[in-house]
Amino acid sequence: MARMTSIERRVWAGAVALALVAAAPAVEAQQVVKIAAGVPLTGQLAKQGQEVANAVKLAAEEWNKKGGVLGKKIEVLEADDQGNPQVSVAAAEKVAADAAVLGAVWGITSVTCIPVSDVLDRVNLVLISPGCTNPKVTDRGLKNTNRVCARDDAQGPAGAIFAVQDLKAKKIAVFDDGTTGPKGVADEVEKKAKELGAQPIRYVIRSGDKDFRAILATVPKDVSVIYASLWAPDAALVAKQLPDVGLNVRMIGPDGQFEPVDYVQASGGAAEGNYVSFLVPDLKKIAAATAFTKAFEAKYGPVSSYGPLAYEAANIILESIKKVGKADRAAVRDAVRATKSYKGILGVPISFDDKGDVAGGVIYFYRVKGSGFEQVKQITVK
Amino acid sequence: MLKLTDVDTHYGPLPVLKSVSLEVRVGEIVCLLGGNASGKSTTMKTILGVVRPTAGRVEFEGDRIDGLATEVIARRGISLVPEARRIFARMTVWENLSMGAFTRQKAPAGEVAQDFERVWTLFPRLKERQHQLGGTLSGGEQQMLAIGRALMARPRLLLMDEPSMGLAPVLVDQVFDIIRAINGQGTTILVVEQNAPVALSIATRGYVLQNGRIVIHDTARILLATDYVRRAYLGED
Amino acid sequence: MADVLAILPQQLVFGLALGTVYGLVALGYTMVYGILFMINFAHGEIFMIGAYVGWWVLALLLQAQAGALHPAWVLPLMLLPAMLFTGALGVGLERFAYRPLYLRGATRLGPLISAIGASIFLQNAVMLTQGARMKVYMTSLLFPRDWRIQIAGASVSALVIVMVAVAGLMMWGLHLLVQRTTLGRSIRAVAEDREMAAIMGVNVRRVIALTFFMGSALGGAGGVLVGLYYTQIDFFMGYSAGLKAFTAAVLGGIGNIRGAMLGGLILGLVESLAVTFMNPAYKDVVAFVLLILVLVIRPTGLLGESVAARAKV
Amino acid sequence: MALLETEGLTKDFGGLRAVQDLALRVDEGEIVGLIGPNGSGKTTLFNLITGLHPATAGRIRFDDGRRELVGLAPHRITALGIARTFQNQRLFNHMTVLENVLVGLHCRTRSGIASILLGTRRSLEERRRAEARAGGLLSLFGDRLLPRASRPAWTLSYANRRRLEIARALAAEPRLLLLDEPAAGMNPTETRELMRDIKRIRERGVTILVIEHDMGVVRGICDRVAALDHGTKIAEGSFEEVRRSPAVLEAYLGRQAGRA
Amino acid sequence: MAQPGFPRWAAVLGLVALVAPLAAPNDYWIGVMARICLYATLALGLNIVVGFAGLLDLGYVAFFGIGSYLYTFLASAHFGLHLPFLVTLPIVILLTAGSGILIGAPTLRLAGDYLAIVTLGFGEITYLLLINLDRPVNITGGPSGIVGIDPPAVAGFALSTNTHYYYLFLAALGLTLLASARLRHSRIGWAWQAIREDELAARAMGINTTVAKLQAFAIGASFAGIGGSFLASWQRSVFPENFLFTESINILAMVIVGGMGNLLGVVAGAALLVSLPEVFRDLQRYRLLAFGLMLMVLMVFRPQGLLSFERKESSDD
C-alpha cells in the first residue's frame, strides 16, 4: 500500500505540474497586435522558412517605425512548423489561441498549409501563403486562405508552353523531387506538354540526395529541354552535373529557383542561360522592391524568391487590419480577401479572386544571366 | 604475495562471496576447490578487479589492489587463464599470444620474442597453427593457447580457472604437468579446479569453497588424506 | 536496351563513386557498433560537420590567396582539421552522451535515444551557427572540369579518382591498423571480449574512445570528400547520408569493417543500376528491398558474424 | 515402459562431435542420473531432447516409441510433456517469480487474443486457475518461493533460482522432467531439501532425468545412472556399479586414479 | 507489479484526465493534451512490440501511415466512400493488424539490430509507396496527400472542437491502456516478456515464438491503426510527410524515455515528448536544439527511463 501512495503522490505532482505549465501563458492584456509567421524554422526547409519569417519581421518593423497599427505595436510570432503536417497543426493551434494574433503569413509547403488553414479557419484567422502552390490549398473554398504565389496549375502549364512554343522542345525531361510543390508543378507540365504535342519523360530524384548523375545519365541525349521542378539547391546540382553525363540542354524551373545565391551562384556558372518562371515581373526595376531588398540584405543577408512574397503578404494583412480599424479576426479575414489592386513591391497590383488566389494568372519568365536574372517573356494562363 | 581478507562480493543484490580470506605465498601452487556456482570464478574476478568487493581487502605484494581498474591490476603482474578459455576466437594464435604480452610493449624486443619461443617450446602445436584463427582450434589447443597467452605477460601470479574442464584425461595430465613446469620456472599459481585429486596432487595448499565461504583450508596432502575429495566427487562415505 | 547498355559503364563509375562515399561513412557506424553494439545515430551529423570544417578551410585558403590552389596540398589541409575536429567530437559524444549510459548498464536502447538527441542537437547547432542556407564547395577551383579521362566508354573525372583513391587509402590504412598493430589488436580484443581484454591489461575505456575517434574522423573525411564531390553542403545532409551509410553497414554485416566497404559499394551500385533499369522513383525502394532480402536470407548481413545473438534489446 | 529412448544420437558442432552415437533409455517413473565431467555432452543431450538443437543423426523416441522427437519444434516437444531446467539459470529475470511459472503454463492454457482483450469470463477464469496453479507450484518449495511471488526473479538467491526453474518447468505438466545441475550452488541443507523435493515430484508421477555433479545427490535420488565422457556413454547401471567402473574413475580422476 | 484490477492511482489519473480540459487555459493546450493521448496510444502499440516482446522496431510509422491512409480511403471524398466512423474504425484496425503480420513475417529470424534495420526499411518503403502510388492509378494522392477527410461522427454527433477530439482520444487511450494491461497479465503477454528476456528459454518453455511475435506485431500495428484513423480525421488531411522515419524515432523515444514495458511510463514518455517541444515553442529557432539536448540529458540521468520496469528491491537473503 505504501508504494501505491507514493505512485499516487507522483501522479498528483505530475498533474499539478502540467496544470502549472498549461496555465503559464495566461491571457495577457492585448497591448500588441501580432502577426504570425508560420514556417519551418528548423529542419530541411529551414532556410526558406527563416527567410519568410525574416521578411515578415522586416515588414512589422517598418510599420512599427510608423507607429504600428490600431495604435499598438506589432509583434511577429514565429511558429515553427518544421515543414511537417503534425507539427504545423500544433503550431497553428498555438497561434489560433493567441487572441492578439490577427493574421498569419503561413507556409512554404502545402502539406503544412492545408491542415493549418483548417485550424485557422475555425477561429476566422486569415492566412496568406507565400509559397504553397498546390491547387488544393485554395480549391477547398476556405474563406481565410489566400496566397501570393502562383498555383501549380498556372506555373506548370506556363512552363510547358514556354518550352514547346518558345524553345521549340519536342522531347522534355521533367524532373521533380517527390514532394508536394515540385511534383504538382511537374504533373501540370507533363499534362500541358502532351496537349501541345510534345513528349514529356518523367524523372524523380530524392530530395536530400546530392548525386544525381546516375539518373541524369539515363536521360536520352535528344531531349531538347529539361523542366526541373526542383528547389534551387537541387536545381543547381542538376545544372552542375549535366556536363558530367554529356548533356548540354537548357533547364526551365519554377519560382523556387528564383534564387540568385542558391541557384545561380551555387551552380558556379552552369545555370547560365537557364530559365526560371516567377509570379512577378523584374523586381530590380521596381523602386519599392529595391528598398526592400536593401533593407533585407542589410539585416538578414541575400534575398531570394520567398522574401518579397512574404513581405508583400505581411503588408497586405497589416493594411487590411488598418482598414478594418479594430481587432476583429473575421473582419480582417474578409478585408484581406477583398484586397483589390494592392500596390506593394511586386510590381503587379495584387487582387485576390474569390478562392484567394492572385487574380490575373500572369507568369513571368527569366533567363539566368551572370549572377542574376533577366526577364524574357510573360505568359498568361487562364 | 596475494592476500584476501574478509572479502564480500555481490552480484547485484546477491551475495556471492562471504567473508573469504585466503593467502598465496611466493612460489606456491594453491588450489581452490569447489563445485559449480560455489564462488570460485567470482574469487578470480574479484582479485582481478572485474567485480568490486563490497567489503574486505585484496592485497598483492603488500599493496592494496581492490578498487584498482582491471588493467592496472593486470600490469602489476597478475594474469589469468579463464574458465572456458575465452580466447579471442576471431584473432589468430599469434595475435592471441601477442595480446597476452600487451602489458609488455616497452619490454626489449628480444624479450617478447624469447617468450614466444618459450610458448612454442611448451606447445609445439600452437607454433604449427600460429596463423590460424583461435576459434578454429580444438578444445585442447584452445586451452594451451589460453595458458600460453597468460604466460606471455610474464606474470608473477598466475590465476587458472578450471584448466582441466572439458579436456580428455590424457590432456588433463599434460596440462597439469605444464602447470608444474611453469611453477618450477618461478611463477606463483592459484588454480581453481573441480578435478580435485589432480589439482591437489601438484598443489602446496588448498582451500575448499562452498556457497561463497571457505569451509576448509589445509595443505594439499592433508586435504587429499581427509578424503574430502572422494566424498564430494564420488559420494563415498 | 542498346541505350541502356551504352550508359552502363558510366553508371558503374557513378555507382562506384557513390558507394565509396557510403562505405567511408558506414565505417564509423560499424566500428562503434563492433565495439559497443550501439547504433551511433549521431554519426551522420559528424559526417556533416566534417564537411563544414573542410568548407571553412577551403574558404579561408581562397580568402588568403585566390588561385594557385593545387589539390595535392589543399586536400590534406582540408582533411586533417576535419578529421581531428570530428574525431574529437566523437570522443566528446562518447564521453558525455554514451559512456554514462553504458557504464550504468542501461538497456541497449538508452544510448540509441541519447544518440538521437545528440543528432538533433548537432544538426540544429550547425544550423544556428552556420546558417540554414547551404554552402557551396568551390570544387571547380581545385579540380577543373576538364581533368577527366575516358575509360571503357565512361568519363571519369579526376575528382572521382582522387576520391576513390583517398577513401580506398583510408580504408586500407584502417584495415592495416586494425589487423596489424597493437592498437588494432586491442580494439578487436575489446570488441570480442571486453573483460578478457582488460585482464590482458588493455585500458578498455581508452580503446573505446579511440575507436570513436577513428570512426568519427573517417566520417569527417567522408564529409570533406562528399562536399567536394557534391559541391553543396547543408546542416541537414547528415540525415539521408547517415541513413544510407547505416543501411550499407548493416548490408555488409554490421561490426565488420570489410562488410562496411562492401555494403557501401553494393548500395551505391544498386542505386545507380536501379535508376538505369527502373523507374527512378523506386530507386530507394529497390535498395531497401535488396537489404531486406539479403537479411532474410543471411540474417547477419553479407560478411557478418553472428554477433546479433548478443544484441538483445 | 520406455518413456524416452535415444538411438544412435549424434550431434556435431562444426568439427566437434559433442554427442556420439548415444543410446539412452529412461523408463516411466524412474529418476535417472546423468554424470560426467564438464564438457562431456550432458547439456547438449538435453538440448537435443528438447529440440533446441537439431540432431545431426539418430532418433529420440518418446512415450514408448509412439512419438519421434527429432525434427519437432521445441514448443511441440514441451506440449508432448517434456520440460527442463537450465544449468546456467535462464530465468526471465525482469518478470516476477509468479510470472515465471505462468510462462511455464503457456502450453497448458488456451485463451486467445480476442478473449483476453474482451476479458471474457472464460479467459478470466483460466487466468485465475493458472495463477492458482502457479501459486500451488511455488508452494511445492514451502515458504521458499511463495512469499516472494511478486518479486522480480533476479532478486532471488541462488538456491531459490534453482527452485524457481524447477517450478517453472513443472508448470508445463511434463511427464519427463530434465534437471540440469539442480544442486549447483546449494549448501548441504538446501541440497538435502532439494533431494526431498525431487523425490516428491517423482511421486506426482513425473519421470526425471537429472544431470548432477554432486554425487551425494546422485546416489541419494537416482534409480539408475549413466555416465558420459566426450559425448559417449561410458557406463550405465546402479550408482554403485557406475562409480566403480574404471572408465568413470579415469574420466573423473585422471589416468592414474583410473588404473588404481 | 500491480496485479490487474483497478489500482487506485489509475482512478486518480483517469479523473485528472477527465477534468483536465477545464484547467486548460485555451484550445491550444487542449489540442496538446489530445495529441498526448493520440501519441500515447501509438507509443503503447510500439511498447507491445519493443517493450513487451523486445523486438526493436524502427519502422513503426509504417503502421501509423497505413492506418491513416486506410481510414482516408474509407471515409473521404478520395474514393467517394464515406463509411461511418464506427464502421471504418474496426475495419482499419483489422487491416492494420494484418499489415503487422505481413511486415512481421519476414523479420522473424532476425535478431536485435538486424530486425531494427529491416523494420526501418519497411518504414521507408511505405513512405516511398505513399509518395509514388498516385500513378499509374491514383491511390495515395502522391506527395500532396488527400484532403477532405470526414470528421468522426458517432450517433449523428460530428466531432469538431479540440475538446471533442480530446475525449475521443482519451477514451481510446483508456481502452488501449486497458488492452495493454490485460495483455500484459495474460498468457500471451507473459509469452512476449519471456521472449524478450530469453528467447531460447521461452522456446524451451513451450512457447511458439513465431506465433507470439506475429501476435505482438499485429496488436502493436492495430494500435497504430487507431492512431492513424484519429490523425487522419483530426487533421482532415493526410500526407506522406506525416509518416517520416523521424516519427518512428519520436514514438520509440516516448517508449524508452518513459520506461520500456511500463504502461504508465510509456504514457508519461508520450506526455513529456509531446509537450516538451510545445513548451520549447517560444524558443523558436532554438526549439529543436533544446529538445535534442533534453533527450540526451534525460537519458544520461535516467538511463532506464522515467518509470522503468526494473525496480531496485532488496534480495531475499
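For this structure, a couple of remarks:
Per-chain numbering from 1; labels A, B, C, D and E assigned in written order.
In the analysis below, contacts are C-beta pairs under 8 Å (C-beta built on N, C-alpha and C of every residue); 3 or more make two chains touch, one makes a residue touch a chain.
None of the values given here were measured: they were computed from a predicted structure.
Considering every other chain in turn, the ones in contact with both chain A and chain D prove to be E. Most remote from chain C, judged by the distance between CA-atom centroids, is D. When you average the Cα atoms of each chain and compare centres, the chain farthest from chain B turns out to be A.
Set side by side, C-E and D-E show the greater C-beta contact count at C-E. Rounded to whole angstrom units, the spacing between the C-alpha centres of chain B and chain E is 52.
If you average the Cα atoms of chain A and of chain E, the two centres end up 32 Å apart.
Taking each chain's centre as the mean of its C-alpha atoms, chain C lies 49 Å from chain D. Remark: chain B and chain C have CA centroids separated by 43 Å (rounded to whole angstrom). Each of the following residues of chain B touches two or more other chains: 12-14. In chain A, the residues touching two or more other chains are 42-43, 46, 50, 178, 204. Contact of a single residue of chain E with at least two other chains is seen at positions 131-132, 196, 285, 288, 313-315, 317.
Contact residues of chain D toward chain B in the complex are 15-16, 37-40, 87, 154-155, 157-158, 181, 184-187, 213-216, 218-219, 230, 239, 243, 250-255, 257-258. Partner chain D is touched in their complex by these residues of chain B: 12-14, 35-38, 138-139, 162, 165-170, 172-173, 194-195, 197-198, 210-211, 231-236. Residue ranges on chain C touching chain E, taken from their complex, read 33, 37, 39, 96-97, 100-101, 104-114, 116-125, 127-128, 243, 246-247, 250, 254, 281-282, 284-285, 288-289, 291-292, 295-296, 299-301, 308-313. Note for the complex: chain E touches chain C at residues 50, 54-56, 106-107, 109-114, 116-118, 121-122, 124-125, 128-129, 131-132, 196, 245, 249, 252-253, 256-257, 260, 285-286, 288-289, 291-300, 303-305. For chain D in complex with chain E, the residues that touch the partner chain are 50-52, 73-75, 78-79, 83-84, 86, 90-96, 99, 102-107, 109, 111, 113, 116-117, 119, 123, 126-127, 130, 148, 150-152, 155-157, 160, 168-169, 172.
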